[in-house]
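Take a look at the structures below.
Shared between the two complexes below is chain A, which pairs with chain B and chain C, respectively.
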Partner chain A sequence: MLPRTIDFARRFARNRAAVVGLLLVILVIGIALAAPWIYPRNPLRIVGRPEIWPFVNSRFPLGTDSLGRDIAAMIAYGARTTLLIGLCASITATLIGITVGAAAAYFGGWIDEMLMRFTELFQTIPNLIFVLTIVAILGQKLEYVTIAVGVVTWTPIARLTRAEFLSLRDREFVQACRAMGMSNLRIMFGEILPNALPPVIVLSSLVIAGAVLFESAVSFLGLGDPNVSSWGRLIGDGRTLIRTSWYICAVPGLAIMLTVLALNLVGDGLNDALNPKLRDR
Partner chain B sequence: MSRFSRRDFLMTTAGAALASRLSGPAFAATEAPKRGGTLLATWGGFEPQSLFVPPGGGSSPYFTSTKVIERLVRLTVDLKFEPVLAVDIKPAEDFRSYLIKLREGVTWHDGQPFTADDVVFNVLEYWKPISAGVSLDALDSAEAVDPLTVLLKFKAPVPEFFLKSVLAGKSGLVIPKHIYAGSNIITNPINNTPIGTGPFKVKEWVRGSHVEYLRNEKYWNPSLPYLDRLVIRWWQDPASRSAAFEANQLDIGVFNPVPMPDVPRLTSGGKFIAETKGYSNSAWITTIEFNQRRDIFKKREVRQALMQAIDRQFISDTIFFGRAHPSIGAIPSSNAIFFTKDVQDYPFDPKKAAKMLDGAGYPVKSGSRFGLNLVSAGWFEENVKIGQYLKQAFEDIDITVDLAVPDRATSLKRIYSDYDYDVAVSNNSGSIELIPSTTQYYTTDGIVKGAAFRNATGYSNPKLDEIVAKMAVETDEPKRIALGKDFDRLVALEAPLLPMVDLEPVTIARSDVRNHSTTADFMGESWAELWLDR
Partner chain C sequence: MALLSVLSLCVQYQTAQGTVRAVDDVSLELEAGETVGLVGESGCGKSTLGKAIMRLVPATDGKVVLDGEDITRLEGAGLKAARRTMQMIFQDPYGSLNPRHDIGTSIGQPLSVAGWSRHDIRERVAELIAQVGLPADAARRYPHEFSGGQRQRVGIARALALRPKVIICDEPVSALDVSVRAQVINLLQDLQERTGVAYLFISHDLSVVEHVSDRLIVMYLGRIVESGRSEDIWQQPAHPYTLALLAAAPVADPKLARSRRKTVLQGELPSPLNPPQGCSFHARCPMAQERCRTERPMLGQLSGGRAVACHYDLLAQPAELPRALSAAR
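Coming up: the complex of A and B.
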């Protein structure tokens, strides 16, 4: 086990950009975890004069927004919201995607037809509009936004899983399992899935990045949960002040950009590490 | 708590606006108006669902339809009724009937003459059943005495100011009988290209972009309108309206067209002016409403305590950038007739609020007195911030708050149809006349499930209903004003729903646009007198 892990780490580290991405992601996770200790008060509290620019007042290193809330505190707590939604949405999407994709490929026939048409149905609806519709119906709660993002992002995972399963399901080892009388579920999830998983994991990491963007868009449009701090909401609130106090949009914008970039880089690194054959393209 | 205001900053901009106005509309009367030109206009909202929406439909269709369709009278900024399609409206001695004399030589845009039959049709088929609703409850009959005279008869005495306010208000638009007779007024497709007697004719409505109007060459006042063409265009975002002003693609924008912080930037160069006149007959307020279906809010002390916990100066200064002020009572301070300062006031005092809640039987138990659902209607951007501020203000007196800021449709549903809120933040715009635009938020007959912008709190007080009923038939003006003030005093004390702040909407115009903002509801004016000094 250990040499394999080291090998994996070595392959990952060969991609320098991925290491930078990983460090950034660790930093964001660190900030998210440490937020309650650095800023013990509710981040949405009004604590100072509105529109203090960054680096002017040492109490508010990133300045204050149009209501006088500490942007640094909102960014720190916003990291929690963002990562939580990203992670949970990605898990939701991966679970749905793998189940649908695996079932479609393994059983084939009319099940495959039906599930794939179902997938296409979801793919044809513009993602953002679909998310907004779900949030508008369910309500403005963090968990509903998570479900909404998960529900729209599972389709590529389903298709990828199906493709991997299709290439694996008639291999000798699978036929051997069948000959041994293993149950379908055990073959699917015990034998085929571990072999099909690496590319799916890479895609799932990218789904996190996508989910962060979706959450930002939903909050930007004012449909996010107003009871929690969120980067997208901060940008949305600062939009009208873009000519005078552009930093209110720029600071969370930068945070979103760096996080999404970092997640993408990590995704690339994972791809290199998990698919060594593709490494020397 | 931040108490630094933007007031100093605004005082200087107000001064600048005033100075630039000396060369602007105020002096227009002495200058000879120039004919011709195209005026590019917008407002601080979105495209309407239809250019004319007979039952009302909000500010956007009101803005587009009033350039085409006129009313019998209009209210000036100094609160005098001026003739438009009617030259005279006279009450009988018992105020149970009114004689309306119409203007001669008025034609509809399609060439048909405008007569008393049109007015009778409007009264009976349009105003009473569709647009004016309860305002014309007392109407008994309407008949054409001769082609230019209409007689209205009522079951009860009708105060003169009240009737003229209805005629000059949003519900008094005069539509052509020969077009609408026999059809469903609300769904008639002509509403997308309305026909009226107004100074402008609809040329073309390009959906998603703009509507273009041309000068009505046969307008009843041959010297008007001054403009050749009027274009109303819509933008989705306030910041892009501000850019359009700077790019010379916009001459005038009513009702807060640009982000508040942009106002001083635009007006500082002298190229644009900010005007706050012209909104007194559609005074906007931001209200807080306490759902009377919840036991907690049935207690008056609780409602009063929550009012006391809100720093309304902060809302005015920080959230509205100074373009609002704390309300006093239920009637906006711009209402020169009914406004009174002699009402229960709620100065910001969280300590007293906490004490009142202790006294009302809601002490702090394990960190919280009680929890409430706060619904802040998401149709104005400021409401998002107000919701967030109120959450904090209530949490400061140990009330747990779950905030929701739903979109427009969901907000309307939660507040006015499902009554699914404990405390709500909403808006409304009332006319100077209190009945029904202000009273319907408090009276028992204002409780109409599903009807937006009515009594959604479920508050019902026979004493209050009686005051309003008396006011509806009181024809002596001073007595009527006294009743209006009684109404205000009672409502302010009871606080089932109260305005938190009076908004001060602003019109942004290029300084070469003349003669604007001269009536009590400029946005809904025909704009015939506007001219361009170019």
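Coming up: the complex of A and C.
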């Protein structure tokens, strides 16, 4: 197994942009993990004069917002929220997507028909409106935002999983498993899934980036969890001052942009490393 | 009672263009420890027949009786038990092993499905690896590290794992190099002598089948056209189609090959969607007559356990043979 891992790392490293993306993602994760040590107190606490510009006061390297809260602290804590929601939403979406896609392709017939119509139903609803509706119904809590984002982003994963399963379902090793009386569940998840997984993992990593954007949009509109710091919320709070203190929006905006970019680069790198045959096309 | 009896088995597919009768009213018997060869062109339904016997494709009609038990309608635990008695070797040694499992896992899978303990599986896998002539360290390596012939040995080991009484070999050597073919065939025969397993050996290559089989079954367009003991058929085919197949088989001796009469069949295999009226072979048959175009011949029993589906079989009319051959030339 070890040589495979080294091989994988080498193929990933061949994509320079992906390595940069990975370093950025690691940096964001590091900030998120270190936040409670750097800023032991509540980041939403008022600490100084309002609207101090970045790089003016060394106590507030990224300045303070309109209420006098430390932007650097909020960015650090916001990284926790953003990454957590991104990751959990992506896992939720992947679990739903793989289950639906695998069942549709493996069983075929009317099950396939029904599940695919169900998937299309979800695709026809505009994503952001769907997320807002779910959050509005369930309530403004972190868990519900995560679930909402997961529920709207699983459809491409389901379609991709289905396509992969369809091409693997009739392969001889699957028939051999059926011939030895293996159960459907074990064939689906123990035999076919490991072969179908690489492209799905790539898509899941891209879904994290999408989830970060959704979370920001929800928070920007003021529907996020009011008790936690979040990048989108920071932009939303700062938007009234955009003519004078534009940095309040720009700093978290830059953080979102870099994180999403980095996640996309990592996704591309994973694609190169996991699907080496597609690379040179 | 034979170990495996297939009675009037039919497999039909519904397609947009209509019903395809991939296997049509096929009956055969397999005794313990013997090898029955099943030959025919590509697309004649021989692989479908094998898969229908294995219950990998649903049979539309007919019965499969294994060891005295009708397995055609079995489900769940009953079917699982039946699958321990009957296993399959697949054609494509590259496609029949999961690339994500090491060889030991692949071979041990039937045992794990049957509920063996880890320790027992490891012991049996080591035994099987030795039995099929793979290197002892093969268990921890992956399929891409092996050649086609070695992978087919893995497939054979997996089929043997639960000591089945019947193995359906679906073109086990067709995808292999000629040089490796003989090794795999010898291995199969060797294993048969040691374990007493019975083979249903499916192939489009008559020279391979003739070499391993006690009895032969020739299929054409989903039906059996001739069956009987191997050497009888090899020496004197009764059906014009078998004659053509035999003439197409390669011969090792070039002198013999040159002296041979060449009977090359005209035309293609008709579409199973729209099989010809009467005898399905009449359009390509060098001796077809008016009756063949209208009336379908039934599989009739001849002496010595042979059966042939032809109105004018070559045994009944030996005088016809030269005419048939010259017409074919």
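Annotations
Rule of thumb we're sticking to: the second predicted complex is superposed on the first by the 281 of 281 C-alpha atoms of A that agree within 3 Å, B and C clash if a C-alpha of one lies under 4 Å from a C-alpha of the other, contacts with A are read in each partner's own complex, and residues count from 1 in each chain.
In this section, a residue touches a chain if its C-beta (ideal position, glycine included) is under 8 Å from a C-beta of that chain, and two chains touch if they have at least 3 such contacts.
Owing to the predicted nature of the structure, the values given are computational and were not obtained by experimental measurement.
When the two complexes are overlaid on chain A, chain B and chain C sit side by side with no clash. When the two complexes are overlaid on their common chain A, residue A:172 makes contact with chain C while staying clear of chain B. By the touch criterion defined above, A:182 lies against chain C but remains apart from chain B after alignment on the C-alpha atoms of chain A. In the superposed model, A:50 lies in contact with chain B only, and not with chain C.
With both structures placed on the common chain, the touch criterion links A:226 to chain B but leaves chain C unconnected. Draw one line from the C-alpha centre of chain A to that of chain B and another to that of chain C; the angle between them is 140°, to the nearest 10.
After superposition on the shared chain, chain A has more residues touched by B, the comparison being chain B against chain C.
After overlaying the two complexes on the shared chain, residue contacts for A:246 are found with neither chain B nor chain C. Using the contact criterion defined above for the overlaid structures, shared-chain residue A:67 touches chain B, although it does not reach chain C.
Smallest inter-chain Cα distance, chain B versus chain C, after superposition on the shared chain: 50 Å. The touching residues of chain A, when paired with chain C in their complex, are 171-173, 175-182, 186, 191, 194-195. Contact residues on chain B toward chain A in their complex (touch as defined above): 1-2, 4, 237-239, 242, 259-262, 265, 318-319, 376, 378, 381, 384-385, 387-389, 391-392, 395, 402-407, 410. Across the complex, chain B is touched by residues 42, 44-50, 66-68, 136, 139-140, 222-223, 226-227, 237, 239-245 of chain A. On the side of chain C, the complex with chain A involves touching residues 51, 54, 56, 79-80, 83-84, 87-88, 90-92, 95-100, 106, 109-110, 113-114, 155, 158, 162.
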